[in-house]
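Common to both upcoming complexes is chain A, partnered first by chain B, then by chain C.
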Partner chain A sequence: MSPKMMRFLFMAPALVVLGVFFVYPILLTFYYSFTDFTGVGTPEFSGLKNYDRIVSRSRYPDALKITVLFTVIVVVLQITLGLFIATLLQRLPAVRNFARAALFTPAMMSFVIVGYVWQFIYSPYNGGLNALLTSAGLEGMTRGWLGDPNTALIAIAIAHVWMFTGYTTAIFLAGYANIPSDIEEAGRLDGASSWQRFRHLELPLLAPSITINVMLATIGTLKTFELPFIMTRGGPDGATRTLSLEIIENLFRSYKFGFASALAIVMLIIVVLVAFIQNKYLRGREDVT
Partner chain B sequence: MKLTQILGGASALALLASASLAQSVTLDVTAWKGNEAEPAGMEEIIAMFEEAHPDIAINFSYISRSDTDVVIPPRLQGGNPPDVMMLDMKLVEVWGDAGLLVDFGTDSEWFGRVPEGLAAAIAPDGPAYIMPLEVIGMGLFSNLDLLASVGIDAAPTSIDDLKAACGALSEAGINPILMAGGFPSAVFVIANGLEADTTPVADLGNGTAKFVDDEGFGATLDTLRDLAGANCFDPREMAGVDPWSTALNEFKAGNFAMMPHGAWNIANFSEDPDLNYVFGPVPSPSGTGVASDLFGIGWGIASGSEQQDAARTFVEYWAQPDVLQIMLNAESAYSPFDDGGSGTPELAAPYDAARAAGGVRTYPYSVGQWPASLDPEVWDSLTGFLLNMDQDNEDILIRWDENVEDNL
Partner chain C sequence: MNRHKITMWIGNIFVVVLVLVMLTPVIYMILMSFRTGEEIAADPLGLPSSLYFGNYINTLENMDYVRAVINSIGITLSVTVIVALVGSMAAYPLARNTTGWGRAFIMLVALGLATPAFVTITPIYVIFRSIGLLDSYLGIILAFTALNLPLAVFFYVGFIGAVPRELEEAAKLDNCSDFQIFWHVIRPLLGPATATLSLFVMLMVWNDFTYPLLLLTDPDKFTVMIAVYRFVGNHNIEPDLLFPAAVLGSLPLLILFMIFQRRIVSGVTAGAVK
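Moving on, here comes the complex of A and B:
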């Protein structure tokens, strides 16, 4: 058997899985996006009606804006916090392993549990956060955190960051483990302060970890719907209605599989574009460093 | 001797097998009632049915309403449907149109006992894909102890009485009404809008008429604004209250005097023997209040079922008044049939009185008069209205019209 045939045979199972569970669903979704399929029966062709509705109703561009804003908030907070904690733990080897496990625990919890716990924390009546503020003499700051459109999105973002910062930290710590210790040593011997070592030595060498974290966080958050679904159902009045939530609502509440498919295709294009641009920039940055 | 014994044993086994084959049909039945939280008399009625029909066994599966959307369609499409399924009109519209449900026909015995209005709703185009099981009320829960503490001895049924109650409660430092964004405010607005009856209900849902032009719904939004001004509720606070958890817990804890919601909460609230409350109609300008009836659930048979005769027997068993009464008692609901009874407890007497006085308005989504997607849009838009009550009524109502248009 030729080497080429051997390579193909070894790749074949993976290609089949990729084709069946990735390529085929995308093609089917693309087909349904031009129909009025309700999930049962036979889909009927409806042309560009679904895409026309996406651009002509402000609801869907608004959902896209909310999704992007949510993603930016989560990625910035999560990466910053993850990097900060990883840098701290890097300098505290005694507690590093325990802290890493403890920080990772929220990522292992189910979205439903996390959603309900934070919903209680944010509850306007006897919720944990309002109770804490009242006991600290800050009663004027209490509010319905999830009921105020000015705070609902960031409140959900905080819950999301709480859940996944440990994951980000773990990746940064793995990045730190790849930095040769003699570089650190050299920096110390040259009299560089902790901040200088971080800024000029560690941060550039953490570029691959930053790339992975930013890409994973961005793609994951762009697609997220669980926490907005559980905590606010997209409210108040659409203030937390992400594009993924819009897809789920159209699929399983309105039975508009065709329209939901069109939304899913739009989301796919956006995610692919963002991933491509991010990858190009961040990988290029890795090469420079 | 040994051969004779073997042959005799084999014959006996064959006889037993053929007897059991002739005897039993097993029906696969799915429903979003019948679990611990909402027993709905399901277990009892199924046991009674099996005793009355020893040739039919029931294999019952509880599937929540939201899971029904996910679990059942693939089975319907894949040719492996349940025999009998719990349905609501949303599912009837989608699955019936796709030919996946059996048409009971409008000449069946039970269809003749369905009131005209409901009959027209469940069989709008001829085929009847659902046998109704219950109609359940949506109205105003009122804490009698809190009302009595400010000298009010009955739940309000008019807008003026409601405002007066709010004023008295508010002065006494008691939270008057949980007009939460989403469901409770929608119950109030839709009930009052329907009572105004300025436009045929179905016309608003099929695009023939516009909500933005309807005086009734416009006036109801003004009423909501007036209630906020009368210290009935803090609209911005109410916009953030979850109507399915926080609102229910707050009313049950006695922190609010009144709350528009559905009668299905009666079982939950009645768990607290210290909660002295009644369930009445939604207060309205008429003075008698609006009994907002929701046609909830029914049985349907999959057209792909291989046990259609047995399935019909099961479905029709539930149409008997004494059988259905078991479910109505468990659900605090009303029979959908002319000769049926009511399962509502004494504390729902004000709601019963409003029904008897002709104050019934059927919730339009539940009978397919308005598109299903309008329901969450109304909830969202009313939440937005509570967040900013200075906006024009038109800004709210035009969203409803756009939603209707998107569903045409």
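Moving on, here comes the complex of A and C:
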């Protein structure tokens, strides 16, 4: 048997699985997006109607705005917090391993459980957050956190950040471990303060882990629908209706397969585009520093 | 020197407090699971007055937890075995030769990693319905396999790429076929990679609820997360149902995490860094 044939045979099972359950479905989604398919019967071709609806109704650009806002809030909070904690732990070897593992715990949990538990924490009826505020003498601040359009999105974002900060921290710590110890040592001998070492030595050398963390957090958050799906179903008044949630609701609730497919294609293009641009920009930045 | 020590201690105490604050929701979840709904209403932040297991008994009876755990474990193990086997086989030639089709295949795998699950879920639902795989163990296993395969291929390509070629060349001189080389030389070396990968797959399959929500309708086939979702969701968020269900749903993975925490944290991070 020729080596070429042999190579193909090794890859054949994976090709079949990916072909049938990944490539073919993507092509079908693309096809459905031009139809009015509702899950039963044969899909009827409807041209650009679905895409036209996405652009012309304010509901979908609004959902995109909410998605972007949500992603920006999550990424900024998660990266800042993760970098801060990792930098702290880098300087405190005694508690490093314990804290890294403990902070990772929420990432082991399911969106279903995180969503339900935080929903109850935010609840206006016996919820933990309001009770905490009341016992601290801040009754004025209590509210139904998920029922108030001003706080619902940020409340969900905090639950999301809570879940993945430990993950971000662990990646930053891996980045720290890659910094040669003699560089750190040299900084210390030169009498650089902790902040100076961070700003001028560590931060530039952490560029690759910043790239990875920003990209993972951005893509992960863009496509997430789980927490809004569990916690608010997009409410109140559409305040947490992200694009990904919109797709899932069109599928599960109203069986608008054709329209959901068009939204999914738009989302796929956005995700791939953002990943491409971020990769290019952040990798470029790594080379400069 | 002394000042340095004091700073370190303040830092350590700060980190311990920070960790406790971050883990508050988990601690809250566990504490509340031992309290009745009336107790929580009377004092939302109170500690359990006794080790009350009534909520758990109620949940175990109504959620069909044991059945769901068995389903989840069965599905997780099947997916892990298939993904590890199919993924490592595909990775072997890819790790050695990345020209032409191999390159295209790697691109496909990369696309697979970035593609959100909801892009492919509708057609998978339609395909499954037409070939009778809807609401079947085989269907959900195949769907999860496809979802996890790109990661597995990436993972193994990196790992096999680091295996010295001399081993294979020696085997070739002994007239071993390519498949024999893979099975007897390469595969035994993949243990650590497979262990890390299976933790990934386990985490993903155990915690996901989108696929089972759409692809499974028979309560006898429900995974743990879908059982929790239906159980809590059907009861309008009552704390004495929510918290024990949340603890029971997370417990198996949290135990696994306590045993393998080092391997899981370093594995998940290494997977991301590559």
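Keep this in mind: the second predicted complex is superposed on the first by the 267 of 289 C-alpha atoms of A that agree within 3 Å, B and C clash if a C-alpha of one lies under 4 Å from a C-alpha of the other, contacts with A are read in each partner's own complex, and residues count from 1 in each chain.
Keep this in mind: a contact is a pair of C-beta atoms (placed from the backbone, for glycine too) under 8 Å apart; a residue touches a chain by one contact, two chains touch by 3 or more.
Treat the numbers as computed from the prediction; the structure is a model and nothing was measured.
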Check your understanding: For A:119, is the partner it touches chain B (first), chain C (second), both, or none of the two (neither)?
Key -> both
Check your understanding: Is A:39 contacted by the first partner chain B, the second partner chain C, both or neither?
Key -> both
Review point. So, does A:144 touch the first partner chain B, the second partner chain C, both, or neither?
Key: first
Exercise for review: With the two complexes superposed on chain A, say which partner A:252 touches: chain B (first), chain C (second), both, or neither.
Suggested key: both
Exercise for review: Please tell me which partner, chain B or chain C, touches more residues of chain A.
Suggested key: C
Review point. Of the two partner chains, chain B (first) and chain C (second), which one does A:198 touch, if any: first, second, both, or neither?
Key: neither
Point to revise | Which superposed partner A:237 touches (first chain B, second chain C, both, neither) | key: first
Point to revise | Contacts of A:108 with chain B and chain C, given as first, second, both or neither | key: second
Practice item. State whether A:51 touches chain B only (first), chain C only (second), both chains, or neither. Key: neither
Check your understanding: Of all the chain A residues, which ones make contact with chain B and with chain C?
Key -> 39, 119, 123, 125, 252
Point to revise | Contact footprint of chain B on chain A as seen in their complex | key: 38-42, 53, 57, 119, 123-125, 143-149, 234-238, 249, 252-256
Point to revise | Residues on chain A engaged by chain C in the complex (per definition of touch) | key: 3, 6-7, 10-11, 13-15, 17-18, 20-26, 28-29, 32, 39, 85, 88-89, 91-92, 94-95, 97-113, 116-121, 123, 125-128, 130-132, 135, 162, 165-167, 170-171, 173-174, 208-209, 212, 216, 219, 223, 225-226, 230, 244, 247-248, 251-252, 257, 260-261, 264-265, 267-268, 271-272, 275
Point to revise | In the complex with chain A, residue positions of chain C that touch it | key: 8, 11-12, 14-16, 18-19, 22-23, 25-26, 28-29, 40-41, 44-45, 85-87, 89-90, 92-94, 97, 102, 105, 108-109, 111-112, 114-127, 142-143, 145-146, 149-150, 153, 178-179, 182, 203, 206-210, 213-214, 225, 228-229, 232, 237, 239, 242-243, 245-246, 249-250, 253-254, 257, 261-262, 264-266, 268-270, 272-273
Point to revise | Residues of chain B that touch chain A when the two form their complex | key: 66, 69-70, 73, 76-77, 90, 94-95, 97-100, 181-182, 236-237, 239-242, 245-246, 250, 255, 372-373, 376, 379-381, 383-384, 387, 402, 406
